[in-house]
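Some structures to go through are shown next.
Shared between the two complexes below is chain A, which has chain B as its partner in the first and chain C in the second.
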Partner chain A sequence: MAAVTRRYHALFIVLALAVVAASVVTAVHAADTPRRGGILLAVIGADPPSLDPHQESTFATMQLVAPLYSTLIQIDPYSYPKIIGDVASEWKISPDALTYTFKIRPGIKFHDGSPLTAADVKATYDKLIFPPKETRSVRKGAYLAVASIDAPDASTVVFKLKHPSASLLENFASPWNVIYPKKYLDKDPNYFMKNVVGSGPFKFKSYTPGASFEGERNPDYFVKDRPYLNGYKFFISTETSVRAAAVRSGRAYIEFRDLPSAEVDAIKKQLGDKVVVQHTPMTGQFGIAINNTVKPFTDERVRKALTLGLDRYTGGRVLFGLTGLKDVGGLLRPGTEFAMPEADLQKLPGFGKDMEKNRAEAKKLLAEAGYPHGFKVVLKNRNVKLPYQDFAVFAIQEWRKIGIEAEHRPLETAAWFADGRDSGNFELIIAPTVEASDDPDVFLRRYTTGDTQNWGRFTDPVVDDLFSRQSRALDPAERRKVILQLQKTVLEHAYYMPGLWWSRNVVHWAKVKNYVAPPNHYANQKLQDVWLSED
Partner chain B sequence: MATSIELAHASASATLAPKPSVTEVVARFVRTKPLGAAGGVIILGMLFLAVFAQMLAPYDPYVGDYGLQFSRPSAEHWFGTDEFGRDVMSRIMYGARIALFVGFTASLIGCTIGALLGVISAYWGGRVDLLLERLMDILLAFPQLILALAIASILGPAVQNVVIAISIPVIPRVARVVRSAALSVKENVYVEAVQALGATRRRVILQHIIPNVAAPYIIMLTAQLGAAILAEAALSYLGLGAAEPTPSWGLMLSGSAPSYAEKAPWIALFPGIAISLGVFGFNLFGDSLRDALDPKLKG
Partner chain C sequence: MGTYITKRLLLIVPTLIGAAALVFVIMRVIPGDVALLIFGGDQAGQIDPKQLADMRHRLGLDQPLIVQFGTWLWGVLRFDFGNSLWTGRPVIEELLIRLPLSLELAIAATIVSVLIAIPLGMLAAIRQDTWVDYLVRVVSIGGLAIPSFWVGILCILMLVIFFGWGPPLEFTPPWIDPWANFQMMIWPVVTVGYRYAAVTTRMTRSTLLEVLREDYIRTAWAKGLRERAVVIRHALKNSMLPVITLVGTEFAFLIGGLVVTETVFTLNGVGRFVVDAVAHRDYPVVQALIFLIAFGFVVVNLLVDLTYAWFDPRIRYR
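Let's look at the complex of A and B:
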């Protein structure tokens, strides 16, 4: 009898284990199987100055419209910085590195029903690289090597180069280079500042400035069975605490850019496993553009004094918990291939660790320049708190210690771009350098003469020459040497004042699946693979 | 003969009731309006803080001690420190300057322009009155804070712009009150008399009408002071007032305060108390002053 009971017990245990194992497998399978449907609710910290990514360089444009468009090639959403195709299925670079040939996938349709062909890709890149007078292309400096673009047939695009370019393929993968239909560009090159006709996984639905932006599923998307979501909706609020509250209350499932650690901790404390935090480094730093064309900043001694007065190392400690601003570095991200070694960096003005010495030197330079008691200056900024305004407050506090009294003037996003980038109507302005990759061409072109991103409006033929040389250098060791020299030149003359390199907290509800936060808030925003495990 | 007797009688009355001294007026105000006096004490306290902030504040309100971020209230920092290690008490003391500057200038500008327009409207009448009153109707159609918000968002965030934004919505409210007072003054016989004697419009307005509408003007001025301080705090809270790192009470209450409300509640608590106390003080004083000056509310 006892033996029978034991046998029953054993059988029961085996059956129970089997049931548990089966349910676990089912649960895992269910968790891993993408679910279709649902609207992804997100929250964003600014309104876009326009909807045309070719003309803008803000997350406010990119995050809202990226799901509506396709690009030629793209950065792998799951493996930064690997490059994979998008509308291009394959590509070939000639042995002399002077010809790039792309094959366009057949059957791709724009949202208006027209086919996407090589002619549209050519028209898009003509606008980007050789923009007509009435439009602006903020990244054309990254394509100086391109001599011509041809579309010999409907599925082939050929780029001919004047000289080899080390970064060109990375730049073709930029998420900003969205493909537009040629017929609209022919009518008006600025058409896409206010309109959207893309070929992305989602179609434009509605936009209410200052309130919300919506996209809906594109049933004709060229990637089979994508997207999973029925749509997405961004709520717009410049207030950090409002965005955090939106995530906390479940009104938004994700904030793609960044939230301060205090908010993240509070959200985590309240929601526990219901939320996921992805902490990533950033391919971007927050610094200050100095208008080199206005007094007293035409005087190198004054510019050097400003950069000497900024205690970056303390700033990293103070601002990290508040904003994610953390690492001291030069013009390229610390720890990356072409970044300036710390030992070399510390020899440059403003990067030495002895702040007493730096401040004494700053005061001496100001006195020599005719400002023994300092001066008053206006520091313009964007009215986005994180990390723009916190960084500005820190800089203002620091400059008071050397007698410079800066009045902080935050502006709406569009006005900030208009004053900083477009007109040079500023003395000092918070001007971050955030890009979609670590590529030196995209980061360093802003220090060349006449580049649209050269907010400080300085001209140095030595920098221009070094930029051109590094861009052509196919040998990484040779390229590194030239890049280090370029960084040294810019920082020695204090043409621009780097602050701190950024990192970010991407907070989202655990039900948002398949989103991998890249090291910037521009890439991987197409949302084609993202799905919701529940509504 | 009859005239000289009347004059002698008037002279005797004046001798019997001598004009009370300032001390007597204040003492009577304190005795009859204790709440108003309490408001006055709060206002004087604010004024004292604002004037002597540089001497009284223990720390520089703009520069923080980075080693003391989010310090709790302590013997060294009575109201604690904020996210940059800045002393909250010192910032509140300096903040009184901004609050009073904006409160006084915005109310003074708004009330003075409003009073002038009210008097002109009442005295001229006709088309001028019609035009000015319709203009005031348009301005009155918007709630005070909404209009201030709209103006501030056009002008951009700066203290001087806050003054303009707050003073404009005050104008029509004061203009209406002063106009009605001026209309009744205008109908007085002595005004008709000086007009008959050939006094110019300017003289009539400056010497006979304006002095007689001073009471409603002063009442409106004190009533608007508290509202202006609150409006400054509201505009700064909404990012349309003073910009960081200016120690403005409203800005201290917004900015980082909501993000750190759980970690460091004192960052929001003390500026909140300062705003409440300031507005409360002005409202108490304003109400009592109105009771004391408005003949309709006397006795």
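Let's look at the complex of A and C:
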């Protein structure tokens, strides 16, 4: 009897284990199987000036409307910076790199029901590259090589170039270049500043300026079985602590841009495994533009002293927790294909790790330039705390150690542009560089003569020539060589002072699945693959 | 009375034109314009000077100042406040999105502040220099000393940390969902109400103390009237004139002046709209809002003056 009982016990245990094992397997499987439905709730720190990404350069526009549109090609949401198709199923580049031919997928519909054809792609890129007088195109400088655009049939678009352009394909994948229906552009090139007619995974639902923006599932989306979500909704709040509290309380599931580490730690401490933090580097750098046209900065020795006096490595440690500013690098993001290797970088002024030696060298240069006791200078800045003001305060206390007394002058954004960047009315000014990709053309154009982003107003024909050469160099190895030379030239002459490369914390509830944060807050915002494991 | 009201109404016209002209000039004196800001977002794209000039032309910023002001004023006379230079939408449309929220907040906060302030002020005055008075003074000085935004942030953080709950992020009008509206508005209303109650409490206390020392109050006591009758019927009504002025001015201020509170509680109100418009150099919006806020102030002041006659029948307007 006891043996039978033991046998039953054993059988029961085996069965129980089998049931537990089966349910674990099912649970794991269920966790990995995308679930349909739900509304993704997000918070965003700004209201968009308009809804037209062609005309705007703020994440506030991009994050709200990206899910409503398609682009010609795109950055792979799971594998930055790999390029994959979007409305283009395939593309071909001629051997001389002067003709780019794109094939458009059939059966794509805009949200108004009209078909998306090559004519719409051509109209979109005509607006971007050759904007009509009454509109503007913020990024048209990236397409200077394009001579003409043709749409020989409904599914083919051909770009003809004046000269080869190494960055062109990356620029075509820019998330800003959303495809508009031609018929609306023909009526009014500014139509999309206030209206949305896209072909993306979501359709426009509502927008209350200053409060919220909503999209709903597009059942006719051309990618089969996507999107998973029924919709998404952004709540607009300019206050960082309020956005953090919104995520913490579950009123919002994600903040796509960035939250300071202190807020992130508090959220993580309270919610534990209920939230996920994706920490990514950023295609953005905070540096200082030196006005090369005013004394004493016309003297290279003074510029070098300034850059030698900044302890970037300590800065990265001190400022990271407060601001997300972290990595020491040159003019391109550290660790990327065309970035300067650390060993080479450390040989350049201001990048060596021995700060005592750097400061001694800085003081020597200042004395040689006629400033043995340093001098006073004004550092203009934007009156935005994170990370502008924290970075400036750090730089100022660093320069004090070599005898330079900098007065911090934060300005409203409008004055920062008008009374600083655009008029050249500054000695030193905080000059960030934040772009949608690591593309060297986009990042390095600002160091060429007369470029509107050349805040420091310097001219060096060598840099201009190197920029032009790298831009047309189709062999990556050759291009890299030229780019390294360009970076070395700018940094050796201290025309501009790179500070620290930014990083970001994307905090979201663990129930938000399939979102991979790229190294900037512009890309991968279409949300077509994102799903919620629970409401 | 009729002549007085007509005179006051006529005075509104030069007051508003003066305010509009002042704002117009100030906005043009400060550096920067909306065209620059439109081109220079956080990515600060390439700005072509020709495109910038075209944009300024399109927005009418290249016209002589007097023409710009005249055009705007002519629009105002036709109740057309123009379009926002930043968003392109009609200013009135933008304002109507935000006005219900600001009005609700201003009205509710004023009611809360009056409901707190008058009884507390009275209590402090009639129990002068007792522990009750000291407590009221501490509470009211606290309200004056602690910034509303700080109280607001503390309020939100405490809700989130202790209850894992935060107020809704989007305004729902009370006629659509009263409960959702209550959940969102209660916190800013209490925060702002407390701040303004502090001011009004102190004013009520001091004016009531002054009135309680008047001869006619002494006479009332001497007649053997009960405390309630002396304080409420004789003293309180007569001490209310400065308090009414204060509450009226505060109410007018609350409609457009709660920028920080609106930011903390993600309220899409008029105050935030004004500040954003100034930052964007959105001239038509700033001019229209200042014009309308000035109009609100003038009207509230007129109403306050007219209520004086009810509180003090000796006042006669000519």
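Just so it is clear, the second predicted complex is superposed on the first by the 366 of 535 C-alpha atoms of A that agree within 3 Å, B and C clash if a C-alpha of one lies under 4 Å from a C-alpha of the other, contacts with A are read in each partner's own complex, and residues count from 1 in each chain.
Here is the rule we use: a residue touches a chain if its C-beta (ideal position, glycine included) is under 8 Å from a C-beta of that chain, and two chains touch if they have at least 3 such contacts.
This one's a predicted model, so the numbers in the text were calculated from it and none came from an experiment.
Asker: Answer with first, second, both or neither: which of chain B and chain C does A:A252 touch in the superposed model?
Answerer: It touches chain C, and chain B stays clear.
Asker: Just chain B (first), just chain C (second), both, or neither: which does A:T208 touch?
Answerer: Once the two structures are laid over each other on A, A:T208 reaches chain C alone.
Asker: When both complexes are superposed, which of chain B and chain C contacts more residues belonging to chain A?
Answerer: Of chain B and chain C, more residues of chain A lie in contact with C.
Asker: Just to be sure I read the superposition right, which of the two partners does A:D86 touch: chain B = first, chain C = second, or both, or neither?
Answerer: neither
Asker: Give one of first, second, both or neither to describe whether A:S241 is in contact with chain B, with chain C, with both, or with none.
Answerer: Both partners, chain B and chain C.
Asker: What is the contact status of A:D441 with respect to chain B (first) and chain C (second): first, second, both, or neither?
Answerer: The answer is neither, since A:D441 touches no partner chain.
Asker: Now for A:L322: first (chain B), second (chain C), both, or neither, which partner does it touch?
Answerer: In the superposed model, A:L322 contacts chain B only, not chain C.
Asker: Chain A residues touched by both chain B and chain C?
Answerer: On chain A, the overlap between the chain B and chain C contacts is residues 238-239, 241, 415.
Asker: Sort out for me which residues of chain A touch chain C in the complex.
Answerer: On the chain A side, the touching residues are 43, 47, 49-50, 55-59, 131, 133-134, 136, 138-141, 190, 193-194, 208-212, 235-239, 241-242, 245-246, 248-252, 270, 412-415, 417-419, 421-422, 432, 434-436, 445, 451-453, 522.
Asker: Under the touch definition given earlier, write down the residues of chain B that touch chain A in their complex.
Answerer: Within the complex, chain B touches chain A at residues 60, 62-64, 66, 69, 83-85, 156-158, 239, 243-246, 255-256, 258-260, 262-263.
Asker: Under the definition above, what is the set of chain A residues touching chain B in their complex?
Answerer: 238-241, 244, 260, 262-263, 266, 314, 317-318, 321-322, 383, 385, 389-390, 392-394, 396-397, 400-401, 407-411, 415
Asker: Can you list the chain C residues touching chain A in their complex?
Answerer: Where chain C meets chain A, its residues are 30-33, 36-49, 51, 54-55, 58, 86-89, 94, 97-98, 153, 156-157, 159-161, 164-171, 263-266, 268, 272-273, 276, 279-281.
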